[in-house]
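The following pair of complexes shares a single chain, subunit A, combined with subunit B in the former and subunit C in the latter.
Entry: the complex of A and B
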């Protein structure tokens, strides 16, 4: 019998970089409250990737272990099943999700197709995305402290941080009271603390960082994916109102003082390539998680003196058939992550070594990542801030 | 001694164990299962310690977003290796342990009902991960004893870390009431056959086996193992894993004289009991061989293996004709 420990659903030890075994994990942290839609967002990323990568050699898939088992694949499949269960021909019931009670690592692989592998040396790049119960943000005392510390460490070690945001909560808060409730539900203060810790970690390590704000469930606020209204500008403004302090906290910890923020992206890139300076980027990627639904009613309900938002959704163009899901906006996230890898491959010691090996072993894959990094972001994307990480001392 | 812990979520409060830190359990993360779906991990050790983790018990309660909530139950208990005759059936301990067995039985029935329903929905086995039951008898039993209002109160106390011993005692009593009441709940007749199936002697003695969760023979064999484990009649593990495959079970570590019975889902749901082919992983962590070894001579491969050496090493040893086991210090043995 192994020694007793806290109930630990995942083995963090499996996700330690190992240079000898040429094993590298590009760590990504999710910082979002409970029930915001983190798992659904990742499921929609994989679904959209299938469409985008059709007729190409590159794919992004759940990692499959030596026994042919993929916990990630199963979790994603369950999430999609839950979404499908909630969709009937005319309405969508989001209550089929099951919520996260334990940390989970979504283990994804970017690789070249099997046929090409036979012709070429192959390698794979693992993206490891840590999800954990959103409630731990607000009540970390409810987590086992050893496990929570591992999660915090993961977040600090992550090159990329994703902050999922329930867009309904920021758009449907039309007075002071509801805004306050939304901020509490989104746990903005707790998000700010973790983002600040992460940014400080980037500065301490002098390693580049990418911070992505991802409003999810954005179907109702854009007209480029079947929607009627375009409230995209309002969504962006409200995101700034809610998360302005979080953005500022990240910049305070990472940004060079008196920096000329007006330099062009190309100038900044060239400068970094020459000086090997680490950089930070803060971006905005609104996402349609499901794509075929529309917010019909958003009712604020009070229980035990606290407000919560009850949303009812309708399916667009209802028919007798199963509604066709059409997620949008996720590929921009993937492009940004690839761009971050390519731009900063010279700055991070471990990643640099890995990238050099990857380039030697699998040119097709590095070329594919390069191409992904160069794709133009969609019209929804906005760059919030970009700059060099301040030098220590 | 029997300690029960329960994890659930409230109207707004996220999942956590009620009125305690996370309970201490053995290392469960080696099992291939998604513990957010129905999972059963029952381990009983040679030290007479028992652990049960039962997840995916659906509640009728919902959170503020209308999402159905669930319970996870953890039990830790000491086992007395007593013969049946010396047990007083009316003793609280026996009642609780029988209750624990029945809780697992109820839960397995819920899981099988849900599986049956989803199969009637024309879903293929490949698509059928163990679904969460919509009409869970065990879930209803827990809901009846732990009301929504009570759970929200207790979650508040848990969050604030300001519960008293009285709060804790009340919760303990209610959790034990679940065990007692489980003995009164009638089991549905649809799934598990009421009669025991007489399995051939050889199969009954199979120490490590797996079977399908939707196969009556496998389930009966598994439930018998559960009962024997909880009542201290045998040592080992009874597992229900929702992602594992027969092949992956070969990597589970099983000690000598331990029993292991695993129920699997998906395309193996209908399988009868089959032996688990245990294998030595290429990646098994190896530790320096530092144990004191008797200064005797090895004559056969079997003898080397008995000393705890890896099979591969044993073969090499025999091939090289090395006879004195002391020469093998510096070789390796399995970490488990």
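Entry: the complex of A and C
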């Protein structure tokens, strides 16, 4: 993407609530190195959503403006094209395009179908997901300082942070040296710093926060989507090994110091309902971004003194036709975001304001979100931590 | 004396030829004289006088007595003052053992008609020969050869002097003095022989009794001395059992030290293995570069095989597959056969790592056998280190055919050897992992229902699918082999179990002591061999003492 387009994409003024237009924004930060599979993840979210929302009034799709332009749609389309072209009848070549060094906002919209809108007041809930450039994680000095500051602010304003993780990197590092290389490739230290800043921001504002760890390309490690290996436990353990410090940083900044660890989720919820305190939740959502592939072989290669992982994938259940993609686990992410909105609508000023406006404008949409929030999480999901945001002195 | 020596030397040619050491027999006694007597006066005047007697050491004359006498032997000892070396000693020896009575023969001459120094010396010498006889006069009779009546005066002077010197002027009171004319047989018979016989008849039993009494008294004294000496010796030998006891204490201490030494050295070995395990833990992977390399090579081998049309070449495989698809009217049947073949190849390929495990266990055996060998002297020193040494050690732990004396030590060694027998590491650890992992490469995990055999690409799809799954399975196998450091764990467990059973079992103390006692000479050869030999000598000495005591007791009883 050119710098000009990047600036267009990053026109932060566009992402403020517009009640006249019945547009409500929900800011989300996406923190991870470039080429970790962020675009693929969002593409798979939209694809999985099509299956889940089939035969319902709800949909989630890239936002298209009045001129019919949607950078998000273009980006998703390109990503899907890349995936499809990499897939043949029995192997998958992920390709290694150059990761973008520019920030990008994935602009998704959750809405009720057009037919129903005419009968009711209609509104749009926009999920504005800022893809924080991986390059900036390590070398913020190379960033356009104006945009970088706005991005920093965006991350701080976001009540949801998504940390995508290349599961191959954490699972195929079979010794210390490779583990070290994987940590560098995943920029764990930089992610930790950004997450800590975000968490501190949550505490300063006394606003609720949702931190989601999303291992992507998880097809090889689960047997619930056509795979033959079940290494889900190992994946979860390794995620903790790699991101334990990130989780701890978030908890250090947000968690009440003398929090009763024995407190159940229900107790915590009731407490928040009564005391109207803000909360934080840290969750684990491993996702299959393509669904029909599996890691067949992986080689660690040294280039310029640095190790990198070269993966070869096979296609499950090959056929004479184009393999069928089958992403999994993304809807859980959407459910958690919706749950976060619903749970915090009473106890947090910002959430209440947002929810009141949204429900006042589009009852059907809020009902739909409510329903989504009540969906039972899939078997892959794990709640890592949950608690109240510590009160400010 | 000088003159005599000169004469001896001058006459050498006369006797030289007889100096052979042989015995010469002379039948005609008239020819005897030159062999036993000095030359006659007239012969002496001849400067070439023959001196055959100088070649004679001993003479034995056998002849009939003129009287009716048998078994009488006359021993003519050389005259005193002869130039014989050790003549006196020779006299003494002869007198002690072979003679019952001595006739000391004198002849008065104009040069000597008194009892002189030579005669006194002779009597003294005789007194030394007759231990146990109270009266020397019983053993010695003085005979005076009075010759012809010519020298009557000299004879009387001599007789008187003998009685004066020897008999205190009381004739025949101590020594009997006989006289005769030596050349007159009647005189010799009547005046010498008969008196001598009477003397012997009366005095010989007395002398024998006295000698026996004296010998017995002497023997009793000696016996007493022997008894005292034997008691002393026995007393000294009694201290040896305590030495044996202290030897056992010494072996016990040494067995303890041996056990400690083995514990320390085996502990070092275990520590090294533990360091390897810890390093593997830190590394999250095995660290043995050889094994990593060996595993990587196996994975590479499987990949090459898979990409090469499962080992037969892609084109050939396609051709073969096409033929079978047409024949079977489906892809499944051939695909299943190929999946099974691929699985077998995979298992076989990784099974070849068993050689590596054998090497590792052999190294452990070498290390442990070296430790045992270094602490046990000559016990297994000559046996090649490793398995052979441990097997020999095991043989020694069987004792010397008496039950099962060292069960813990034996079991520990057996277990250690068992770790390497029948490829046990591979059989019990690698093979189950391989089987478990390669089960992912079974037909149940494949779905070929979407592939029509009639499609042009079907054989490519099937080969690619089987190849990819084979590589994937191989990738998982090599990952597990690298990430689960079971070899070091097995070696560590084997070493720990060995060390525990060998040096820490409840009965180890007793077993080590017994083992050390059984193989003391092999383990501490230089230190205990001499003691062992001494012990044998002392045993023999004690036996000898018992025998001597028995003999002494019997002797005294008799």
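In this text, the second predicted complex is superposed on the first by the 369 of 393 C-alpha atoms of A that agree within 3 Å, B and C clash if a C-alpha of one lies under 4 Å from a C-alpha of the other, contacts with A are read in each partner's own complex, and residues count from 1 in each chain.
FYI, contacts are C-beta pairs under 8 Å (C-beta built on N, C-alpha and C of every residue); 3 or more make two chains touch, one makes a residue touch a chain.
Predicted, not measured: the structure shown is a model, and the values here were computed from it.
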item: Subunit B versus subunit C as contact partner of A:75, first or second or both or neither; value: first
item: First, second, both or neither for A:141, with subunit B first and subunit C second; value: first
item: Partner touching more residues of subunit A, whether subunit B or subunit C; value: B
item: Subunit B versus subunit C as contact partner of A:376, first or second or both or neither; value: neither
item: Partner chain in contact with A:392 - subunit B first, subunit C second, else both or neither; value: neither
item: Which of subunit B and subunit C A:257 touches, first, second, both or neither; value: neither
item: Interface residues, subunit C side, partner subunit A - complex; value: 282-285, 303, 440, 445, 447, 450-452, 455, 457-458, 460-461, 464-465, 468-469, 471-472, 475-476, 479, 482-483
item: Parts of subunit B lying in touch with subunit A, wherever the complex brings them together; value: 7, 9, 11-16, 21-30, 32, 34-37, 43, 45-47, 49, 53, 62-70, 72, 74, 127, 129, 132, 152, 158-159, 161, 242-245, 247-248, 251, 283
item: Touch list for subunit A against partner subunit B, complex; value: 1-11, 34-35, 66-69, 71, 74-75, 77-78, 81, 93-102, 133-136, 138-139, 141-144, 147, 301, 303-304, 306, 308, 310-311
item: Touch list for subunit A against partner subunit C, complex; value: 89-91, 172, 174-176, 179, 228-229, 294-298, 312, 314, 317-321
